[in-house]
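Chain naming follows the written order as A, B, C and D, and within any one chain the residues start at number 1.
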Amino acid sequence: MTVLEQPGSYRPAPPPAWQPRTDPAPLLPDAEPYRLLGTDAAAGLDPALLKRLYGQLVRGRRYNGQATALTRQGRLAVYPSSTGQEACQVAAGLVLEERDWLFPSYRDTLATVVRGLDPVQALTLLRGDWHTGYDPHEHRIAPLCTPLATQLPHAVGLAHAARLKGDDVVALAMVGDGGTSEGDFHEALNFAAVWKAPVVFFVQNNGFAISVPLAKQTAAPSFAHKAVGYGMPGRLVDGNDAAAVHEVLSEAVRRARGGAGPTLVEAVTYRIDAHTNADDATRYRADSEIEAWRAHDPIDLLERELTGRKLIDEAGMRAEREAAERLAADLRERMNQDPALDPMDLFTHVYAEQTAQLREQADRLRAELAAAGESATQEGAQR
Amino acid sequence: MTTAAVRSGHKPATMAQALGRALRDAMADDPSVHVLGEDVGALGGVFRVTDGLAKEFGEDRCTDTPLAEAGILGAAVGMAMYGLRPVVEMQFDAFAYPAFEQLISHVSRMRNRTRGAVPMPVTVRVPYGGGIGGVEHHSDSSEAYYMATPGLHVVAPATVADAYGLLRAAIASDDPVIFLEPKRLYWSKDHWDAAHPETVPGIGRAVVRRPGSSATLITYGPSLPVCMEAAEAAVAEGWDLEVVDLRSLVPFDEETVCASVRRTGRAVVVHESAGFGGPGGEIAARVTERCFHHLEAPVLRVAGFDIPYPPPMLEQHHLPGVDRVLDAVARLQWESQWTSAGHEGGAR
Amino acid sequence: MTVLEQPGSYRPAPPPAWQPRTDPAPLLPDAEPYRLLGTDAAAGLDPALLKRLYGQLVRGRRYNGQATALTRQGRLAVYPSSTGQEACQVAAGLVLEERDWLFPSYRDTLATVVRGLDPVQALTLLRGDWHTGYDPHEHRIAPLCTPLATQLPHAVGLAHAARLKGDDVVALAMVGDGGTSEGDFHEALNFAAVWKAPVVFFVQNNGFAISVPLAKQTAAPSFAHKAVGYGMPGRLVDGNDAAAVHEVLSEAVRRARGGAGPTLVEAVTYRIDAHTNADDATRYRADSEIEAWRAHDPIDLLERELTGRKLIDEAGMRAEREAAERLAADLRERMNQDPALDPMDLFTHVYAEQTAQLREQADRLRAELAAAGESATQEGAQR
Amino acid sequence: MTTAAVRSGHKPATMAQALGRALRDAMADDPSVHVLGEDVGALGGVFRVTDGLAKEFGEDRCTDTPLAEAGILGAAVGMAMYGLRPVVEMQFDAFAYPAFEQLISHVSRMRNRTRGAVPMPVTVRVPYGGGIGGVEHHSDSSEAYYMATPGLHVVAPATVADAYGLLRAAIASDDPVIFLEPKRLYWSKDHWDAAHPETVPGIGRAVVRRPGSSATLITYGPSLPVCMEAAEAAVAEGWDLEVVDLRSLVPFDEETVCASVRRTGRAVVVHESAGFGGPGGEIAARVTERCFHHLEAPVLRVAGFDIPYPPPMLEQHHLPGVDRVLDAVARLQWESQWTSAGHEGGAR
């Protein structure tokens, strides 16, 4: 039997003997988002994991703040902040094994940093000195993806390829609520389900696609419900509950790793900042909405759990904040250095082998640069 | 600046404001004009071109759609079939690509395949081109794709007045128009009398922006200011350059362009999109076909390099600037060595 | 309130006070296809409707046979037969009002004929003298659509436009099982649900997309289940039961007309013939499968119902078959005439106003044709 | 004819068979080569190019995908990221359009955006062009879109041997290749020795198919047979035409083309896709730039009209045939009136 033979998938035999269909009921996601923090179930959680999550949340929040500050200082061209979404980012960055792959969207630099990427490399795209600031193979992180939802079929193809090769590799693909409307979302989920590819689709529903609210994006009961139409399980989780997101994603990863195929996870969260520093969110949403969500802050939720269970004290929290400050200071310092740029790089990686045509154009640019350099030197000499 | 201020016509307006004004006036004049796209409602579009339209005309006339470009353009096709005049906003050039099949296979052919029974008065507004420090996928120049698609009109304004006049003409057109809005000119300002938009002729007419006698610069959209600057700088070199602003790539105003080149005998096509397979090839080939006897030198091209659009910190090396235009002008064989070489080299 | 304001759609308020979600259970389609013929419920059906359906089925089958024969005689470039799917075709052609719109795919010429289109016009695309053989506005039938699923967003846009104008118009859009995999399917359903557009999406699941069987197309319990992810009702119906398809589609049309928004209907049927006359179906499916489906033939099912209830006798059936023969004979005769072609039409409708460029090209072709005509005349004169 | 018969090399093979053989050999040589697309498995593709591959290599190597072109190409991107060499079949040219965003925004740029870390050894096979009586949307010529996209290679074989050799080269390439298979040549047959495929050089090399001295016909893919026929017919008119088969549009073999045109002094570009914005513009402009001194006449173009592809019963009027090619050759100013006109006309 080949990997692609799918026992139990849709194959209605001729009537009147209709083949039994998979019972859709177990496929239906819960109506309410799954939560752990503040519930009885939280008592069973591993304290070490909770503390790890907490440290990452605190650093993540600080990272978001620092990156936003860098846009004001002209050190980043643009920054799409994940403030308020740190529980999703941190969980996504932690649930994978080293050999697994992460497929982030442009908003998910924090997840890549949590996974181990140098923040300067993660921010290269947004600083503007190159498109992808890292070697995707090194950390198994696909390029930060701007065209919405287009990274989802990549995740499916990669996971499928790994499975064909017999490798134990899971792909976690991230997308926003807005991105779910794109055709690529649909095609990726369908391919993954038909191929039983080891992929986890992770929808961060932060309430908005730039200015467009959920009600203009979908009429579905939830994004998790979309799973039904592909024959995969859908899970709905409180996206500000780091423990719950971590658990749901981990389960989905385990399921994929075990050969049971893809899962669609929707985390309900909220984008506290504007879409990017260039956006004016007051045009489309009320401050009161933001305030209501601030009362459900991912750091607060976890902090309450930790302090309530005396797993952390004031000194412990201070230590995490100090670690976060060090990270921010390091980031600030390194981002304040001008990146080394070589204009000739424009031509270096268009093709494996440079074409004669590009060689000619590269020569032209080189000559221009040389002439400019000379005249700059001459001017310098004249002064 | 508010729309009211623009309307007064006393203050200079930006191109973005003029475009917004054109949408507003078209919607006010014709209830069948509907604007749809991502973030065109409350936000007013990421470039604020649709600012105020949802408020003035309601969300059914200016509609925030789900985030899916093929769906947007596909829905526009259906709306046009029912007699509306949809104006679609694509958020950035590269984000029009998901709608490519709808554009090629339906929008451009619907009139033709139905022998005229189902026209497609759809305007697709595409903020396009680079030079604004945009990150990856936010600075493409995609006009070559549209030019190569029969059935579309392709328009690219370069001035504030043209932005208004041509957008009005595009919306009024019974055919689909790809309306390319040069991003880096959105904030260009000009005194412009909104009360007399009729100074802009319809789609398909080029204009001589600067008369000259030595050579013709043929350009459009974001490269017009570059060419105008180059023409000024060329005076010092002793060249009196004519600058032709195409305004429409389709229909192509061969008459105006060829009249200029026949007069000057030399031409350079300037655009920002990649050179190979770009608009300049068509223009140079066409001008050469029609004006061969009048050419003192081959029509040259100054274009973006044949590479994916570079990251913001390197884009200035990619974009054709004044120096590259002047370089090309300098290579137009001013000594007319060709007169003899042409005969010798061709010896067989 | 504007047409676009959607009470009750997805708008989660900030936690912990999650807004109640729409209960997805009523959204779930039945696990078994809905059937009427041969069941007790059939007794309640209008005899006139059944007889009308029967007449159309018989004519439809004959039409399919005749069109296929025309391909062998070189009178059609290609014909994608709907033999076996006539119940779906007939129902789709009958459930709409005159003011409504039908959006067919390339396989649905029979539905357009049932709706009232001259079969010669319906077959123009497949004969090859022009693309669309009719004025879509005359019968409110969109052009037969070859690029799969691309007609679905058109249906949504048209229905939405009609609703905005206050017109009572429903759009019925047809697509195959394969077409559901395209991104346009997803985008159209999502737009329709968000806009509450009066559209009925009608998936004719005939078991194959050319050679590709269902199991390689989807892992969903059924295509009807895809409705859940868009927040619209999904209905599963026996596509060979003309009465059931007619009822389910009629209900969906009524629902749309009443302002309740779109419905997704899946009819399970079978493509008895090859994909087109150019296809070789023996490469990918067994004859036994076809035979099993022949035992569930849409005409037989209805005939059994009609004869069982003595609503038709042998003479009545013969009359229908004779009507079908007349239709076929008329079609044969008219299709055997060469269509009148004017090559200059190539340039006539590219734009509303012919461009100078096209005028030049038209002149060139006209000159060529004149020269060819002259030389043909000369040759004739010389003989 | 079975693959075995082709393999023997004794009988003539069709282009479709040669392509199938290339896929088979590539899959046999390299386990990382995977074929995917619609109906490529049991059916062997609608043109039977993949016939037998699923049987020989299993469904995991030759896979019938769900019906979604963006999904297919997007999955291929991921497979390539993981080290496979996907060969994607698009069923017809127009049905590649849904995959346009994946192609432009990812496939063509992945190497560049990752500074070489993530190459894209993806081959996209596109049955293309008209002349087979296909109904609407089954006869497009889409090469202009691909040419205008930096980062892609674009290849179009015209002979049975090239079909094999170039497809092997495409699959072996570490860069993405759009492989345009002229539909109307699928059933063209040729004696061709499968044992010596190395006679075909790699991608990016044009070839002189017929040497000649009067003028150069520059062409590729489905128009090559037309040009060869025209060249034979031209002999009677006293013209000895050289025919250059480009084989690749990208990289463009300027050297071979310009060497020919410099020798002949006259050139006509012939292709089936619409003229305006089509490949001929780039080719004519480029040749003119480089060979201006050697040209006795402007480089002319013979192309499809600037219209949506017509229905089958009218396609013969659209497709460039021998007569149109000869007409263009006749217009190449054989009396060299231009010599004087060029000087007079340019008077200012």
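To be clear about the criterion, contacts are C-beta pairs under 8 Å (C-beta built on N, C-alpha and C of every residue); 3 or more make two chains touch, one makes a residue touch a chain.
No experiment lies behind these values; they were computed from the predicted model shown.
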Selected pair, greater C-beta contact count between A-B and A-D: A-D
Chain whose average C-alpha position is farthest from chain D's own: A
Distance between the centres, which are taken as Cα means, of chain C and chain B, whole angstrom: 40
Distance between chain centroids, defined by C-alpha means - chain A, chain B (Å): 36
Sequence positions of chain A contacting 2 or more other chains: 4, 130-131, 147, 181-184, 186-187, 190, 194, 216-218, 345, 350, 357
Of all residues in chain D, the ones touching two or more other chains: 65-66, 68, 70-71, 94, 97-98, 101, 105, 109, 112-113, 136-137, 150-151, 250, 252, 276, 305-308
Residue numbers on chain A that touch chain D, as the complex places them: 2-5, 130-132, 135-137, 142-143, 147, 150, 152-162, 164-165, 171, 183-184, 186-188, 190-191, 194, 345, 348-352, 355-357
Complex contacts: residues of chain B adjacent to chain D: 70, 94, 97-98, 100-101, 104-105, 108-109, 112-113, 136-137, 140, 144-145, 147-151, 213, 250, 252, 262-265, 273-274, 276-286, 288-289, 292-301, 305-308, 338-339, 341-346, 348
Contact set on chain D toward chain C in their complex: 38-39, 41-44, 46, 64-71, 94-95, 97-98, 133-138, 276, 305-308, 310-314, 317-318, 323-324
Residues of chain C defined as touching chain D within the complex: 77-78, 106, 125-131, 146-148, 178-179, 181-184, 209-212, 216-218, 280, 283-284, 339, 341, 343, 345-347, 350, 357-358, 361, 365, 368-369
Contact set on chain C toward chain A in their complex: 4, 6, 9-16, 18, 21-25, 27-28, 31-33, 181-187, 190, 193-194, 196, 205, 207, 213-222, 225-232, 238, 240, 261, 268, 270, 289, 292-293, 295-296
